[in-house]
Structure formats: C-alpha cells, structure tokens
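So, here come the structures, one by one.
Each of the two complexes below includes chain A, the first together with chain B, the second together with chain C.
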Partner chain A sequence: MNGPTPVTLGAELPVLAPYLVLAVGGLAVMLVDAFSGGRRRDHLSLLTLLVLLGAAAAQGAAPAEPRGATLLGGMLAADRFSRFFNLLTVTIAMLTTVYATSMFERDGRYRADFYPLTLFAALGMMLLAAATDLLSLFLAVETMSLAVYVLVAGERGSLRSSEAGFKYLILGAFASAFLLMGLALLYGQAGATDYASVHRAVQAAPDGGILLPLACGLVLVALGFKVAMVPFHMWTPDVYDGAPAYVTGLMATGVKAAAFAALLRVVWLLPPIAEAWFPLLAVLTVLTMTYGNLVALSQNGLKRMLAYSSIAHAGYLLLGVLAVLNTGRDSATAVQAAAVRDAAGGAILFYLVVYALMNLGAFGVVACLSRSRREEADAIDGYAGLSRRRPFVAATLAVFMFSLAGIPPTAGFVGKFYIFDAVVKAGLVPLAVWGVINSLLSAYYYLRVIVVMYMKPAEGEVHDGHSWEAAFTCGVLALLVLLLGVVPGSFYALAAHTYRQMIF
Partner chain B sequence: MTVGLTHYLALAAALFLVGMAGVLIRRNSLIVFMSIEIMLSAANIVFAAYSRLHGDLAGHVFVLMVFAVAAAEAAIGLAILVEIHRRRRSVNVDDLNTLME
Partner chain C sequence: MESHVLDTSLRWIVLVPLLGAALNGLLLRRMPRRAAGLLACAAVGAAFLLSVAAVVRLAGLEPHHRLLADSLGTWLDVAGVRVELGFAMDQLSAVMALVVTGVGFLIHVYSLGYMAHDPGYNRFFTYLNLFIFAMMMLVLGENLVMLFVGWEGVGLCSYLLISFWFNEEANAAAGKKAFIVNRIGDFGFLLGMFVLGAALLPHLGGGEGVFSFRTIAAHTHELVPWATAIGLLLFLGAAGKSAQIPLYVWLPDAMAGPTPVSALIHAATMVTAGVYMIARMNMVYVLSPAAMTVVAVVGAVTALFAATIALTQNDIKKVLAYSTVSQLGYMMLACGVGAFAAGIFHVMTHAFFKALLFLGAGSVIHAMGGEQDLRLMGGLRRKLPVTWPTFLIGTVALAGVFPFAGFFSKDEILWKAFSEGNPGLWLVGFLGAGLTAFYMMRLVVLTFFGDNRASEEVRHHVHESPATMTAPLAILAALSVVGGWLGWPHFLGGANRFEQWLAPVFAAGAGGHGASAHDAVTHAAASTEWLLAAASLSLALLGLYAGYRAYAGRATLAGKLHAFAGGRPHRVLLNKYYVDEGYEASLVRPGYALSDRVLFRAVDTGLIDGLLVNGSALLVSITSALLRLFQNGKLRFYAYVFALGAAAFVLYLALTT
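Right, the complex of A and B next:
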C-alpha cells in the first residue's frame, strides 16, 4: 500500500479478471433476478454457472506472472498458489450451485438470493487465498463471511436456519474483532500493512516486547475460528446442522480451504513469533483431532456427524501446518528444511482438494436423497437399505465414507499418508502416531454409515428423494476420489510445486 | 502530562476487554452486538494511534473500511434478529436452543 509501486492497472487487468468476473457476475445475477417475474428461477442457476465458468476461463487465460508479482500495489498475490485456490473455489461453488438448484426444483420454490451470494462468497474465498496485505486479508475474510452468514440464515421460514445464521454471525463477528485487534497491533509494529513489511518487522525484532506475540496470537485465534480449531469450534455442529445441506457443503469445503490458504501465508510470515506459540498450537491440534472424532462417534444425524468430522479433519490439516512451522528447528541444513516444508505444504494443499471432493460428495448425497428442503436426508437410520433401493447412490456414498475414514485405495488415504509422512519428516513422530490412532478411531463412525446402507433392511422413515443432477455429480466426484487414490503422484507433485512458489 | 501511545493502547485494551466481557456475559442479543462494536472500536483506536505515530495513512484507510464492514455486519445481524423475533418473541441468546441436542 505504501511502496513506490507504479500503478499499472491496465497491465494487471487480465490477471485480475477472475475476481472481476465474479464481482460483476454477482451483481448481474442480482439485477437479472430483480427484473424476472414468476416463480421459476432456473435461468439464474444457468447464469451463475456461466459466470463461474467464465471466472475459470479467465483464470486459465490469465498470463503467467513473473515470480513475486503482486496485484493492486501489493494487495493480492498473483502466484500459482492463488491460481490453485481460485480454480478449487470455482469448482466448489459450481457443485454447490448444482446441488442447491436440484433442491429448489424438487421443492418448486426457488431461493433467488442464493445465487449472487454464492458468487460473492466465492469471490471472498479467492481473495482470502490471494491476500498479501493486512487490509486485503481483513476485507476478504469479511466478504466471504458476510455472504456465508446470509446463505446460512436465508432459508425462509426455517427457524433452525435463522438460528444457525445468527450463531455463526455473532461468533464470526467476535472472531473478526480478534482478527482486527491482531492486525492493528501488527500494523503498529510494522508501520505498514503489506506482508513484506510485517515480515521485515517481525524478523528485526523477534523478541521485542509482548505486542508482537499478542498480535500473532489474536490472528491465530481468528483463523482458528474459521477452520474450527478447538476451543474455537463451538459454532460448528449447530451451524453445520442448522444450515441447509447445500450451504453446509460450501462451508465445510470452501470456507475451510480459503482459511487454510490464508493461514499458510500468515504462518510463513511470522516464524520467530509462531515459535512461541508452537507448544500451545500442538496441544490444540491434538485436542481438535481427538474431540472431533470422539464426539462424532455418538451422532445420529449425518450432517452433525460430518460437522464433527470436519473438526477432526481440521486437526489433521493443522498437523500439516505444525510440520511447516517445525521445519526450521531440527533439520540439519536449510535445504533439508525447505524440502520438508514443501512436502508439508504440498500435503496440505493435496488434502484440502481431496477433502473438498469427498465432503462435497457426501453433502451431495444428502442433497440428492432429500425429499424436500424441509425433509433433508439427515438421520443415519434413514439410509437403511439404500444399497437395494438406490445401488448407485449408495456406492458413491460408500466411496466417500471410505475416503473420509482414510482407507485405501481412496484419495483420503493418500492425503492422510502425505500429511503424516511430512509430520514424521519434520520430527514430530508422537503427533503423527496420535494422528494415525485418531484416524483409526474415526473409521468406526464412517463405516457405521456403510453398515446401515448395506446390511440393515429398510424400515420406517427412509430417505427417498431423487435428483439425477446431484447423483451424476456424486458419481463424478466418487470417480475422482478413486482416481486420486490410485494415481496421486503427479497431482501431489503439482501441489508441492504450487506451495513452493507461494509468495507473500 | 502528554497523552502518548501508551495511553491510547491502554484505552483500547480496556475497551476491548469491556466488549469481550459484554459478549460473554450479557444475554440480550442486541447488547451482544453492541459489545462487538465496542471491540471493533477498540481496534480502530489502535489503528488511528499507530497511524499518527508512523505518519502513515494506511491506518486511517483501515478504520474507514472497518466502519463499512461493521455496518454491513450489523445490517445482516439485525435482519436475522427480526426474523427470529417474529417467531420466538425473544432476542435472548439463551432462547436460541432449537439446534441444541
């Protein structure tokens, strides 16, 4: 913001295009909705998908920037890392749109505000993954969060949805206040808001008083809230449960991926300070994994079970972050440390993608089997006998559950393997062992769903909604999960390469 | 006595803690909202104070952005609150228990 960077907006436009397409597209969808009469809104879903495709195309067409290039005077990074997350976010938003539209069609009632809000939420996620300035970090977090608050709360006439939205909003705003205080103190120490200046200030005064560690802690609290780290997870089960299934999928994958992307950049920014927080962070990571898995064991609703499982998965991802943080200490040489760090960073990116695929798949099955928006396919008992009634959907859900549990030959297994491997290489063997134990524990509740589907006869209330779009999408996702599980090598190499090129 | 940076930081810390206590203790949703606004204001004071100290305008820009975001947050929060109040006739956070199990 304060550098002598020349303003070359014209040259930056092609690189900014994905963000601009989403912003303008969101406004356009809103306008089109305002001018269209009647009850049907399928043209909005088509338009939304076109905007998202346009953003992906703009991203593909964007010229490769030289290494270290930033946009808007240092506000955003134009690196492989942001490109990676832009494409991931667009994919997640497209799948969410497909699920939501299939639910609306079954209901006959469209929810027009969903489409622009999804576009704005996706824009916020993309900006969050690209932010390289304290100001753009804050604005991106808020762009994403404000849109998601409304998405969660906006189901008309549903008290559960309003209540979930309100809880998310109150706790989210509370976390924002922590983030803002942390950013203010960082700004005070650095005298500027761009990451490079903050990094310099941190390096210059590694133990200069209490304010820097405090600032770092406040920022970690806020990001910990977004990724649902214990003890900032209290909102997760209620909000995931109360939000409509199609929005929960977006929250569990998109918001989490974007928050981890921001966390990876921030962590890279603050090494000497983060050192002070390392033991506490390690304890919280262990608690996050264990708590999520233990409570998920006793859940009867699939959405709530997936909410606790998402807490546990945040724990596995935080293990990767710990590995990134720990590399500076034990490794013999700088080259070795860099190699371990790249392995850990690549493992996190790989796992985020895999997690998005399998979780969106699971929520897609929920969307597919829901009879209407009021009767979501939530109760696990309602899945009894699914293998007889709907063999294809049952098979895809089985793939997602195997993958979430981390059983080969699915991508979930490979993703966990890369993470634990990086953790061991970073010299944190006990943490890796604890992660493996947790992953074994989690198999119980994932496999229970499969047992219910394949071995229990259908009785009482069963879920029998139908949507060919959702079923087709789930099939594609299941194939991808299997494919990444069988041949993960080249994609992992891509993820590690992406992480290596990250700038801040 | 001149008012220096330390005074501003102390004021901000006090406001931040008051706001935090309000969020954690008060049960009326509107007061909880107000408390969050107090916390944001505390951060704004820090920004403004450091902006003055460094002779750098970025802090002021940040404060203006925070105003806008806080307004948007309040608008959304109050909208949801109206919807809840219509059905529940209460804005007490302890009454928000539909999702508890």
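Right, the complex of A and C next:
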C-alpha cells in the first residue's frame, strides 16, 4: 500500500483494455440492435457474451503489476484487487445474460435494452471496484446506478417493475447526494481528490475537528445504501421483489460486490478516525444482520426472501469490515494487526465470490422455473413437489439453500467460517457470537424451501417453465459451491493474497 | 518381546473372510446358492490354511521371540494418541486363530447342509464370513483399539445372526436383548480403555501406540495405581461378551438363531472373546489382586449357578446354552486365579466339544423336523447312527471323563483354583462339575434313550443328516478325544506342552503363575493333585450314572426329584431364578418409564420442543411480523427513514468527536 507508480498512457492502454472493451462493446451492441430488424434478438445475447468474454480475455492478457499501479493519473487502480473484481463482475454479467436470454426466449419477446445496459452496469461495477479517486468513485457509482435503474424499471408493461425502478431511482439519487456531499467535504479537507493525497491529509490532521469524520460518515451512508445496510436498506425488498428475477440476481451480487470493493478501499482512508466510527458501524452491522434475518422469516415469496437474506448477508460482510477496521486498535503488534486485517479482507473477498455463486444459482433456478416474465416462479409454496417433477433443479436449489444457510460441506459454510474466524481473531468475540446466532436463525427460512421442495406434495397440476441453459448453469454453480466447500484452501489463499496487494 | 518378525500374511488371514463377505454381500441375489456357500467355505478354509502356515513360522522362532507383526499403516495419530492398523500373532493369538478358523471352517461346511433349504442362504454365509473377519481382527489386533473394533464387529454379527429369522418377533427381540446387554459391557470396556489411555499417555515417548499391547506390557509399573479400575472395567466388558453374572441373560435367548450360529458364535468362539481379552491383558490383571479376585469369584459362581439352571431346561439348545455359560465361568475362574493358560486351554477344548454338541443338537433338530423340546424326543439312538456316538463323545468330554478333552482342561482349572486360589473356589467348581455330568446325561437320555415321544408324523420322517453335516461331527468328535492330550499334565507323566507354548505370553507379568512354577511342584502337591483329579473323575462318573438312573426307564425318580420340597426348587430352576423377570421389573420397566414420562414427555416434548424450540420460534415470528410492518411500500416513508438514519449518524459523529 505504498505510493502508486504512475505509468504513461501508452503503457496504460493494455491495462485499461477490459474497461474499454466493455464501453465500446456496449455502444456496439446498441448500434447492432438499432440496425437489426425483426423481433428476434438472439444475436444480441451472443454479441454481449462475446464482449464480456473479450473483457475477461483483455483482463487476462493485461500485464500483471505485482505491486499494482494507478491509471489515468491516480484515477483507477491496476492491482490484483481490481483484477479480481473485474473477473468476478464479468462472470456475474455473463450469468445474468444467460438467464435473461432464456427468459426472453420463453416469452418470444426480447428486451433489446437489456444487453447494452448490462454491459454498462458491469463497466460501472468494475470502475467502482478500481476507483482510487473521489471523482472516479462518484462517476463509477453513477455509471453503475443509472444502468441498473433502467434495468430494474425496464420491464415494460409491468407496474411492479416500474414502481421498483422509480423507488430505486429516487432513493438512489438521495444517496448520491450524500455521497457527493461527503466527497466534497473530503476534498475540502485534503485539497486533492486522489486517495493518496486524501490519506496523507487525514494522517496529517487526525484531530481536524468534525469535518473529516462527517465527510467519511456521509460517504459511508451512500455506500451503506448500495450494500443495503440498515437503516438505509428500505428500498431493498421492494426493488429486489419488483425487478425481474434476472436483474435482481445482478443487483444482489454484482452491485453488492462492487460496493463492498469500494468500501474496502475507502476504509483504508479511515484509521485515524475509526475510533469515532467504530461503535456506530458495529451497531449498524448487528442491526443489519438481525433485521434481515428476522424479516426474511416471514416471507412467502422467494425473491423477497432472498432480498432480506441479502440484507443479512451484507451484515455478515460488514462484520468482516469491522474486523478489518478493528485490527488497528486492539492487536498487540503491527505485524499481528496486518495478519488479521489480511485474513479479514481475504474472508470478505472469498465470501463475496461464494455469495455471488449461490445467489446467482438461486436466482437462476427462479429464472429456469418461471413460465414467463409475467409468471415468475416466486411463491415458495409453488415449489412443493419440485423434487419429484424436476429432481435435478431441486437438488441444485437445495445446494444453494444449504450454502446460504451456511451448512457444510458447502462454500457458504466455509465463507462464514473465515469471516467469523477473522472477527474472533480481531478480538470481537461477541459480534462473532451474534453472527453465529443469526446464521442459526437464517437456517429456518432457507431450509423451509428445501422442506417444501422435498416433503410437500404439489397441489394440482403444476407447469414449470424450463430452460436448458439455466438448468445447466445452475448445475455448474452448485458444483462450484460444493467444490469451494470441500477444498477452499487455495482459493482463500488467493483471496487473501489479492487483498494484501490492494492499493489503498 | 522387543523383536518381531514382519509377516504380511497376517493381513490376509483377516481380509480374506472380509473379501468373501463382501463378494457374497454385494452379489447377494445374483450369486447362485451353491457358489455362495462354497465361496464362504473357501474363504474360511483359506484363512485357516494361512493361519496354520503362520503358526508354523511362529513355532520356528525362539520361544521368547515368537511374534509375527503386520501393519496396514497408521490409523489415528491425534494429540499423542497413535493407533496402528496393525496385526500381531503371538502364541496366544495363534491358538485363538487356529480354533476360530478351524472350528469356523467345520461349521461353515456343516451349514452347507443345515441351511440348504433356507431362503436366506446367501445372507447367512455373508454374515458368517463377516463374523470370521471380525473375530480374526479381534484375536490378531495388535492393540486394544483393533481388538475393540473386532469386538464390536462380532457383536454386530451376533445380533444379525440371532435375529436371522427376523420374521418372528421373538427372534428379533432376542437379537436386541443380546445387543443391548452387550452394550452395557462395551461401556465398561470403553471406560477401561479411556482410563488406561489417560494413565499411560503422560509416560509415553513419541511413536509408541498407547493402546498397543507391547506398549502396555512395557509400562506396567506406571499402571499399578490404575490396575484395579482398568481390570474391573474391562471385566465388565468381558462379562457382557462372555455371558457372566450379571450380564449372562442374553446368551440363552441367543439360541433363537440358527444352530450353526449357536455352535460357532455362542459356544465355540465369540463368547470366549472375553476370556481371550482378559488373558491378553494379563499384565494388567496381575497388578491387581482385587480385580483378579472379582474375576475368579464371578467365574466360579457363574459356573455353578448356570449349571443348576441347566438341570431343568426342556429345550435342547437351552440346556447347552446354560452349559456354555457355566463353562465360560470355569474359564473366568482360571483367569481369576492367574492360570491364564489353563483358561485358554479350556477355551480350546470347549470349542471342540461344545461345537460338537451344538452341531449334534442341530442334527437332532434337523432329524426331528425342527423340534427342540426334549420332552418330545427320545429313542433316537438307532435312527441317528453318526449323531448318537459323536454326541455321546461330546457329553463325556464335557463331563470331564478321562481321557477325553474336557478332563484335562477342567481338571487343570480345578487344580489351579485349589492351589493358586482357595479351597472354596475349588469346591464351587467341583460341585458345578458334578452337576454338569448330571444334566448332560439327562440330555442324552431324554434325546436318545427310551421311546420316541414325538407325533407319528414326525417319527416317520426321522433321518440321519447328510455327509456335510456328519463329517464335521466326526472330526470334532475326534478332536474332543485327542484335543486335551496337548495339555497332558505333569502328574500323569506328561509335559503339558500347551502350557509351555503359552508360557512366554503370560510369563511377562505372571511371576509365580507361569509354567516355571510347575517345575517346582513338590511331591506332596503332586499327590494332592492326584487326589483331586480322582475325586472329580469319580464325581463326573457319579453324575453321569445318576443322570442315567434318574431319567432312563421308569421316570419315577425324576418325578420325585421334580416334586422335591413341594416342587418349589424345580420351579425356581425352571424359571431360571426369575432373573429375567427381576431385570424387567427393576431395570427395564423403570428405565422405560423414566425415558417415556420424564425424558420424552416432560423434557423433550415439554421443555425442549415446547419452551425452547417453539417458544423461541414464536418470539422470533412475532418480532418478524412486527418488523415487517415497517416495509409499507411507501417511498416517502423509506426516504424518511433514510434521512433519519443519516441524521442520527451525523449527530452521533458530532457528539463523539
């Protein structure tokens, strides 16, 4: 986390390539759509997948900077951390595209705006995870958010979709205002916008009055809104529920991962003022976990249940952030503190990946079983007897539910274990205990889905939708969830290593 | 015992029967019946031949370095507790291995005929092979943990085979009873192991398996303060497996299984596992006179107690079952007075003649079309030309008539009880021996003498069994004659080679109890030994004669015996001292009531399910329903909460900095 080494624009191009591919690709998809007649749009999905693959390939081909470097004069980081999130984002976007296309095909009615918007949203997420400047942070948030607003609202003819989009837009704008205010205050204190300068300013004037903590607080409120932290979570159930299932999957995984990535970088600015922050964040974390789990208990719709569950999971991830923060305070030596911080950071990255896998899996099952976009497979009671009708799909959903509940041998268990372990190592035992209790609470509503699928007979004739691609994807995801649950070691090591090399 | 010779054939002695069981078990339905039976016999036969070869190699070694060892690697290595997946054969294991595979092979062959018409034929042989596997693991295990795995394995096979005909409720109940009663013993065994481990672990260096018999033998001085506890706890296990008071109750009921099972498992081999285990742990037992005394007294009392019950039973297999309990008592008595070699000697001879008697009884039952009631038999002498003489040989061998096998081993035990223990123990054993002769003669007379009391139809069908059944009878009969000669005692001019063979195993801790003590026997002691032997032989002959007189010909004498003192003693014996009823009333029913009314209804249903589970669930759902109200879908409200939160946030920061 030393001072970044600037590189020249020519040398930067290969590193910038993944972002450029997405940006140009998004525009290209828009153009192709505009010039293609007829109703069929399946070439758009192919093109989108190609663009995403190209971005991944560009990321793979980008020269690896072992200690990382900043791009565009300190705007973006080109470190392992951003590479990690770029690949994760591309994967999420690809899965979303597959689900969405399978839904469109079932309806025979394509939604052409979906493809470029998804690409732009992915671009925003990648930028957000890489942002190392107050300005690029804000631009990334807006790039991502604007695309997602439209994705949520864009299900034409669906009142609920429009309502969700509208709510998200208004409250998102609200949050953006807080973010902008916070950023402005930070700039006012530091006199510069890049994180390095801000960090220096914060270090130099730890007792700079109320403005610095306030600025950081405002930024936290905005990022808290994106990750659905209580009390800035109110939009989550309505939006997740109202948005089409394929968009909800993208939001729950991609947006959340990108926001946490940004949070992890911003948190690095804080240590001098963490004293003031810490108790507040701890209380909010506890509230977030508890609220999410408690309300999820009484949901009857799968999407809404998963919305509350995503609030609860944001809570677990915030626990990890607390461990990262706290290590500067209680640990005996700096070496120990760094070790615990790396462990906690690695645990967060690991968990974000696991969470993306299992959540996309669950939304994939919803996409697979929905008969049309109007009739999404949402009601949990509708899953009765699924194990008889569609044993394979039911089995994959069972794997995802077990994993979300944190039951071995799934990745969800290992991920929670790493987080709680880091929290305990940071000396926050009561918080870890509370996390475990919450995890226990959550088992009820996840297992309920399994009970309904396996132990309740279906009432009357049920016609599920079917999508070969979605079912196959779910199978692969379930395998990955089990694989990471059985042999998590090397991947966790990679995550911890990635976090250790993060710039800021 | 420091040096040992690696011998990888040991693992195959154990694994070949497992292979047989696996093949038969996995191909259960596809396997033709003939092939299944032959495969099972071949597996045990191979194990027997491998054992013979191993014993020959063992015998070729120096007497004090006779130890073959084999290991499949380390099984556990956790927190200093290291357990090898290892096998070892010393003189003691050699005897057991030969007896188990040898008698086991004969009984497998016998079963080919006995089970020929049973629908569960393949399943039967699967279990039987599985049993041999577990039993070999038990006797060849290099450490207490391996022994315990075998111990549990034979327990499982015993359960499976007792309730082999599970269609009948009574058989299933008998299997359960055996299993549960044995669990009580196993509990003691486990605790004994824990105490042993806890006592030894602090004294061990790296690389020593804490439960290895060699480790235990090398660290006996550290075990002195714990020996009594370990000995008594392990004896609880032995009392379960070897059917001693108070855990003997399962063995008579175990006769519900097919007769070859009764012969193999519940007479010849498995039930002697307790004796084997105590002999194996002799280095611990000799440290504790108290534990030894308990073993000896329980053994002697069991020997007499079970013999009295055997006097009155009417089921041919029940008589033999109580006889087995009684004989196991003698073996325990031997161990308890430190004569481990004599105990193992009796294990061997008893395996021969009791297997013979059970198989003979099986042949009788087979001939009588499944009838087991002695009152409906009689006059089978001429109808069963092979079964009759072999059964008679088994009877006199069990009664202890010179020069049959039982004489040598039982006399050895009684002599050791007298010389190493005390006259009281001897007297109890002596009386038991007299009763043994009496009840066995009663059994013979009721079965083979007089007129046949069965129905006309049954009488018509009586026939001798096929060669697969009679051949094992003949071989076992021969062994019941000559098997005892291995231990021809000194006072009769022999060398007691059996005791010499085992001496190195028991010399380690036995001090004065080994064969060396025998060389120092004085002339006076020898004359006492003569006297006692003559007395017990006379008593055996007297018992046989009395049994014959009481039940042959006119039944008036027997009638008088039954009517003695108003028939009350007879009734008590017939009902087995009401021990089962006592256990039912004092343990089973209160235990059931406790678990049903208190643990299940009050604690589980009421407290745990009602208050803790449902109560907390109710609390959570109420909270959940209340919180849900916040989510009213109104955008203005959401923004309001957002703003409120942010305001609180800022306010908090302002106040704290």
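Convention: the second predicted complex is superposed on the first by the 491 of 504 C-alpha atoms of A that agree within 3 Å, B and C clash if a C-alpha of one lies under 4 Å from a C-alpha of the other, contacts with A are read in each partner's own complex, and residues count from 1 in each chain.
Rule of thumb we're sticking to: contacts are C-beta pairs under 8 Å (C-beta built on N, C-alpha and C of every residue); 3 or more make two chains touch, one makes a residue touch a chain.
The structure presented is a predicted model; accordingly, all values stated were derived computationally and were not measured.
Visitor: Kindly classify A:L297 by the partners it touches after superposition: chain B alone (first), chain C alone (second), both, or neither?
Guide: Once the two structures are laid over each other on A, A:L297 reaches chain C alone.
Visitor: Is A:I170 in contact with chain B, with chain C, with both, or with neither (first, second, both, neither)?
Guide: both
Visitor: In the overlaid three-chain picture, which partner chain does A:A379 touch, first (chain B) or second (chain C), both, or neither?
Guide: A:A379 contacts neither chain B nor chain C.
Visitor: After lining up the shared chain so the two structures overlap, which partner does A:A62 touch, if you call chain B first and chain C second: first, second, both or neither?
Guide: Neither chain B nor chain C is touched by A:A62.
Visitor: Scan A:L16 for contacts with chain B and chain C and give back first, second, both or neither.
Guide: Touch partners of A:L16: none, neither chain B nor chain C.
Visitor: Examine A:D238 and indicate which partner it touches, taking first as chain B and second as chain C; both and neither are also allowed.
Guide: both
Visitor: Touching A:A276 in the superposition: chain B (first), chain C (second), both, neither?
Guide: In the superposition, A:A276 touches chain C alone.
Visitor: Once the shared chain is lined up, is A:G188 touching chain B (first), chain C (second), both, or neither of them?
Guide: Touch partner of A:G188: chain B, not chain C.
Visitor: Just checking: does A:L180 make contact with chain B only, chain C only, both, or neither of them? Give me first, second, both or neither.
Guide: The first partner, chain B, only.
Visitor: Shared contact residues on chain A, chain B side and chain C side combined as an intersection?
Guide: 166-167, 170, 174, 238
Visitor: Flag every residue of chain B that touches chain A in the complex, lowest number first.
Guide: Touching chain A from chain B are residues 12, 16, 19-20, 23, 29, 32-33, 36, 39-40, 42-44, 46-47, 49-50, 53-54, 56, 58-59, 61-62, 65-66, 69, 72-73, 76-77, 80-81, 83-84, 87-88, 93, 96, 98-101.
Visitor: So in the complex, which bits of chain A are touching chain C?
Guide: Contact set of chain A toward chain C: 166-167, 170-171, 174-175, 178, 209-210, 213-214, 217-218, 220-221, 225, 230-232, 234-235, 237-238, 273, 276-277, 280, 291, 294-298, 441, 444.
Visitor: Chain B touches which residues of chain A in the complex?
Guide: 1-2, 134-135, 138-139, 142, 146, 149-150, 153, 159-160, 162-167, 169-170, 173-174, 176-177, 180-181, 183-185, 187-188, 191-193, 238, 241-242, 304
Visitor: Taking the complex as given, what residues does chain C use to touch chain A?
Guide: These residues of chain C touch chain A: 617, 620-621, 623-625, 627-628, 630-631, 633, 635, 637-639, 641-646, 649-650, 652-654, 656-657.
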